[in-house]
Every structure is written in structure tokens, then in C-alpha cells.
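Let me give you the structure first, and then I'll get to my questions.
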Amino acid sequence: MNDLTPFGRVALLAFAALLLAVPWIASGYVLSVSIICLYLAYMGQAWNLMLGFAGLLSIGHALFVGLGAYTSGYLFTKLGVPPAVGVVAAVAVAMAMGSIIGYLGFRFAIGGVYFALLTIAFSEFVRILLDHAKFLGGTEGMFLPVSQESRRGVDLVNLRGSTEMYYYVILALAAGAFLMCRALLNGRVGYYWRAIRDNPEAAEAVGVDIFRFRMYAVLLSSGMAGVAGVFYAFYYNNLFPEQVLGIERSIEVTLAPIVGGVGTLFGPIFGAFILTPMGELLTEAVEGFKQSGLIAKNVKTDGVKLMFWGLAVALIVLLKPKGLWPWVCERLRLVKPPEQRG
Amino acid sequence: MDTVTIINALVSGLLTGLVYGLSALGLSVIFGVIRIVNFAHGELMVLGMFMALLLFRWFGLDPLMAVPIGAAVLFAIGYALQHFVVRRVSYLPDHMQFLLLAGIAIMLVSGCLVIFGPDAQGVQLDYALDSFAIGNLIIDKVRLYAAIAAVAVASALLAFFKYSSTGRAIRACADNYLGAKVVGLNVDRLYALTFGIGAACIGAAGCIILLLVQVHPYLAPAYTLLAFVVVIVGGMGSLFGALLGGMLIGVSEELASVVLQPSMKTAFSFALLIVVLLLRPQGLLGRVAR
Amino acid sequence: MAMLDVQGLSKSFRGLRAVSDVTFAVPEKGIVALIGPNGAGKTTCFNLIAGALRPDAGSVRLAGADITGRRADKVCDAGIGRTFQLVKPFQDLTVLENVTVGALHKHDGVAAAKRDAARILEMLELGDKRHMHAANLTLPDRKRLEVARALATQPKLLLLDEVMAGLRPTETDRIVAVLQRLRAETGITILLIEHVMRAVMALSDHVIVLHHGEKISEGTPEKVTKDPAVLECYLGEGAV
């Protein structure tokens, strides 16, 4: 809070208040969309850690989500383990995968685009394996048992309840992720991450163990994604390898941070809150145009939303590669410049 | 598992692999010269496929006849892409360029989704089920024709780079950017030409592969990955490597689908990609360009 | 005991002998200059000592401990701080943050590291620029920033690579004074590569001359600058 200008503090409080109030003031549709929005904001934070802080581009983050989802889903359906406990296993599995990929990447000094391809290869490989894993449902899918009564009330241990409950859970996750990343960034880990990102050779010369700190970012990023997987499993209650681990999921995760600003703290959140509503508005508009006959009926609405997102990414990279959030932040004077921070 | 099945799989894989090789050539040419990783590769290929599909539907044109047209259109698109878009982000870090092309790829895929719908569509050719028989060896006509077409286009490309003055100029740019500028080559124009040529290859490969598979928009990411696997195994920036890699991947896919399960064949390619990325990212014939 | 003991250090790059069997010692609390024409192998020596490159042969001992071939961050742990000839500031960080990264090597908390960093910046007369982004500094200031950052790791041995380049004579004198005071107050040992003879003469107790990767002379500054072999390598055969 010290870093914010008075106006920035007000804006943040207003934003937080609005988020807390959503289930009370919004329709069911807006509530569902908000859940997706917060989910993307949370995933964006997780993904951002790897690129923004470890300098590794991952186009396979859906892998960690999928591992978390399937692990907790399997433990729940086959062994009755509640997600409150299953999440530990989910995070462990996701982190294990993350450590393998991270280690391989570093050990063999693979960077940049090659690393991105490595993440895609791993993600697709596991997806196909899951397709063939009958004990996990394979292509038929894994279904988590949900009853009608469980939709009322709140059961955090089993992650069963009303949509409002899910909203607050994802809100808590997103807020928690934000606060944790903020604490890390302002601490020693953050300084070392930023140094490594900026100039690895210079960082090493001042005693930074590059491998260790990059691995921290990879483990944290994959672990966070694993938690998201648990949420995904118990919110949607059905898991298909193509749905959960498909490359579209991985790309989706990258959109909000890119639009908001890779490597910034609030960028992914800002990006999520820009892209999701605009995507929905666009879908509404296209449906509306179809009704009124302005657009042919057989035009796929999904395709239009996807096209919009692709355009957004392309435009951001061309015009504002640092993302929209730094620009907004500066314009609206939300953050104090370094001199005044003390 | 008898020898005949395996040999058939080998031959089949080799032929299909040549088409993969042509597609990978496009990727390799672009990377080898401009040093940009074209993540929109699969999308360009799918565009080529859809073009051949339309030409077949409207004019009854065999996809093989459509190759020159498909190549020409994709050339124009590639040229425009480099000239108007890619050129502007050459100063950004690799991953930002990658993401830009990914964004463009998403736009292209969704455009195809909107126009053509998600269902798979293909061409119905009279000779689709015919084959040549040499003893116990059965070779599908479509596969053989596709392979011949791929080799023809690839040879034209290789000849272009070896013998034409523009081709040599492009190779000069690839070898030494600064030096090329110093001797007065218009590098921007040559880069645009290169992207166009790479895209033309991809377009040709798209038209050709319509002989073998059906097209739908979601094929694009799969083809992008496939081309990357081929190029990385065969060697980034090496033209022969792309063809070699294509054949290797084609064969391994066929063998995997025969020995394991057909649905596992892509998994095998990815496993191979991981191994190659770790051990020798520059591929079998590539230059060390990390 | 010598703070730095280099024996038979050699490094080749594809057949080119960049550093060839170089042996020298830097005494504790000493200031030694490494000079020689461009391409003599001075920076390569630094890189070999500081762990940026692995030597083909030879050994490097710091305060008696063998650090040959260790990775750069481990070399920093052992007590060497270095600057780079082509400066490598953390562009997106402020000047204070740059030095804080160095200070975190010896401080657990960011607050303590920042205080230390600020103190070092004052010493190097960069205090008033501490909130500027490193990308916006002039080259001489960037060089001083490198020194500050290296100092923040509290090294026993400081390797300075051409930090006087681009400075006016008065600025050079000021930095020389800072380094002398630093040595007097903290007992730090300094090995510096320098072309600015003004600084070499004023600062160094001892000078080592490299040419084509080999050591061709060493001694006091006065002796070395009169050595015919040294003059020849700078001015050419006919000139001597």
C-alpha cells in the first residue's frame, strides 16, 4: 500500500470492494463470467512467474493444471479423498512435473523458443497419455460425483456448494496469489528474479545462483497451476484430456498477462479483467447481430471471440509490448515513482 | 508383426514424410534466413488446404493442380506478413516475436473457424483408393503422387537457392546480415521474399496433403508442432535436414501406429522431439543457432 | 600470503591462445594494475579468475583457497567482486536497486541491504542518482554503478575492468581517491585493468604487463613504464 498514491489506494479499495460485492449485486451469468475472469487472473499470475521472473516462456501450462485436476479428481472419485487434502498431492504432482521440465531446460541450456517447444511437447505427450489412461477415464472423461443438495450451503473441505462459494474461493486464490507474489517481489527472491531476468551474467557475478532461483519460479508457477487444477476439477466436475490439457488452454492462460503486462504484478489481473468482459460483450454482440440478420447464422461465435483475442495479442506486441497496465498505471497515477517510495 | 506390414509402413511413412518435409522446408527457410520462428506455420498450411478444397469444390481442380495457385497466394500472404508486421518487431526479444505470430495464428484459425466451421472436410478423388502393387508392397496412389509433388517443389526450391542470383542473395543475408547490407543488398525486400517463399512452400504442402487427409481449422496447431518436430530433428536452417527430418518423422509415425496404436503416433513424435531438444537442439544437420 | 595467486593460467579459443601460461600474485591489501595493448588477454584473465570462463590449464587461488574453474556465483561467495568491460547494469532496475542486488549477497533482509547500498552509492558519489533507472545513466556513471554493485557483495578482492574509461581527469582523480580511501579503510585488495595511465601511476603498487596473452613484464609503475619490452609492445619495434 505504501507504493500507491492516495488515488491509487482509493482505486484499489474500490476494486476490492466491488469484487467482494459481486455475488450480491450481479446476475447468475455475470457471476459465472466473474469466476472465469478470476480464474484467468490467477492462472495469469502463475504463468507470469515463469516468464516474467524466470525468463522462461511456457506454452504448456495447461499441463500443470491438468495434472492437478486429474490427481485430485482421481483421489476424490476412487479413494474418497476430499480436495482440501487432495490439493497437497495435486501440487506435489504438478511441481514434480515442473521440476522435471525446469531441470531439463536448465541442464541442457535450452532457452527461448526451444524451451517453449519443450513445454508444448511435454503437455501434448501427457495429454495423449491421458487419452489412453482408462483408469482416469481416457477420452470418455472423468466425472466427479456431484449431488443437488451439495449445491446449497458451503463445504470447503469437499469444495461443494453454491456458485457463490466457488466465486469466493477463486477470489481468495487470486487475491492470495497476488499478495504472495507481491511479498516475494519485494523481498530478496524478487530482487534476484529481476536481476536474472535483466542480465543473468551480471546477476551471477554478484553471487546469484541462477539455477536455484529459476527453479523456485518454475516450482512456484507449476504448483500454483496445480491448485488451479483442483479448482477446475471441482467446479466443472468433468475432465477430458483434450479440454483440460489442450493447447488452447495453454494459450488462453498467456493472454491476460501479455495484454496486461508480462513481469508486472498487477498486469495479469488487469489483463484478465479487460479480456474476459470484452470477450463476453463481443460474443453477445455477435449473437445479437446474428439474431437481427446482420451476420450469417452459421458463423461460429466461438471463432469470433478467439479472433478477437488473437488480434489483442498481436496488437499489444506491436504497439505496447510492455502491456497495458504500466501505461494505465502511469496515466492514472496509481503508483508512486521510485523517489517517493523511500 | 510380419516384415511385409513393416515394409509397407516404412514406405508409406517415407512418402508421407516427404510432404512433411516440404512443409518443414518452409519453416526452415524462414528461420534459417530471418531467424524468426514462425508459430503461424500450421495456420498457413491449413489456409493452403482450404484453398485447394475450394478450388476443388468450385472448379473440380485436383489439389495437385492447385499447388501453383496455392503457393502463389500463400507467397503473397507471407510477403505481406513479413513486410508489414514481422519487420516491426525484430528488435523485441524472441518470445515476444513468437507470441506475435501466435496471436496471428489464433486470428487465422478463428477466421477459418468462422468461415468454414469446425467439421472436417476433404476432397473425394476418383483414384483415392487406388494403389500400385509391387509384389507384396502396396503403395497408395495418392501417397506416391503426393510424395512426387513434394519432391518436385522441394527441388525447385533448392535449385532456386543454389543457382538463381536472388537465391544466392538470400543465402548471403542468412550468412551475414551486416555484410549483406554493406554490399548493398536490399535486406528488407529479401526478407519479405524469403517469408513469401517459405509460405509458398507451406501452401504447396497444404494443397498436396489434402490428398491424404481431411482439413479442419484445429489441424493447424498439430501441423505447427509437427513441422517443428521435423525441423528440430532434421536441423533448423538446413534444407536437406528438413527433408530428412520429414522422412524420419513420417516413418516413425507409421511404425508407431503399426507397432503401438494409431492414436499414439503423435505421442511418439513428441517424445522424439523432447529427446532431440535435449540432446541436440540444432538437429541432425543444423547449424548451432541457439 | 597473497590474496590472489594465479599460476600458469591458459585459455585458447579455437586455436587462438588468448591467455598463455600467465603467472602472477596480488598481495593482500595491494592495488595491482594489469595493463597491455588491446587484445592482450587482460579481460580474458579476469573472466578466468572470476568464473565466467573455465581455464584450459593453470590454477587460481584466493587467500589460499583453490577456486579454479568455479562458477561465477561461487567465486563471488569466495570473495571476489568484479566489473565488466562492457558494462552490464540491470537496466530496468533503479541505481539503488542495482546495488541492493549486490548487497543482498551479505544481508538477509531487503531493508538492511538497501541501507548498505545507499551508503556505498554515497561513497561513489552516485547517491543523488539512486532513483534513476540504470538505463538512463551516462557511461561513466554506469561504470561507477558497476563498482558500487560489486562492492556491495563485500569482496576481499575487487576486479575492476577499465572503470576510468571516458572520465575527465578530475573525475578520474576522484575515483582514484575513493579507491585509495577504500583500501585504507577496509583493507580490500584491488586488481585493475586500466588504459588510463594517470590512474595506473597514481593507484598501483605494482604493475603487470600482458601482450599477446603472455606476461612480458612486471614491477613498480616507474620501472615498467621504462621497460623497453613494454614500450615496444605499445609503440612497435621501430619506435624503441
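We call the chains A, B and C, going by the order they appear; numbering starts again at 1 in every chain.
To be clear about the criterion, a contact is a pair of C-beta atoms (placed from the backbone, for glycine too) under 8 Å apart; a residue touches a chain by one contact, two chains touch by 3 or more.
Because the structure is predicted, anything quoted here is derived from the model rather than measured.
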| item | value |
| --- | --- |
| Chain of greatest Cα-centre distance to chain C | B |
| Chain whose averaged C-alpha position falls nearest the assembly-wide average | A |
| Whole-Å gap separating chain A and chain C, where each centre is the average of the chain's CA atoms | 45 |
| Computed distance of Cα centres, chain B from chain A, in Å | 32 |
| Distance from chain C to chain B - Cα centre to Cα centre, in angstrom | 51 |
| Multi-partner residues of chain B (each touching 2 or more other chains) | none |
| Multi-partner residues of chain C (at least 2 other chains) | none |
| Chain C partner contacts - residues on chain A that touch it in the complex | 186-188, 191-192, 194-195, 198-199, 201-210, 337-339 |
| Partner chain A, residues of chain B touching it in the complex | 37, 85, 88-89, 92, 94-100, 102-114, 117-118, 217, 221, 225, 228-229, 232, 261, 263-264, 266-267, 270-271, 273-274, 277-279, 281, 290 |
| Residues of chain C touching chain A in the complex | 50-52, 71-73, 76-77, 81-82, 84, 88-94, 96-97, 100-102, 104-105, 108-110, 113, 131, 149-150, 152-153 |
| Chain A residues touching chain B - in the complex, by the definition given at the top | 51, 57, 59, 104, 108-114, 116-118, 120-122, 124-125, 128-129, 131-132, 247, 251, 254, 258, 298-300, 302-307, 309-315, 317-318, 321 |
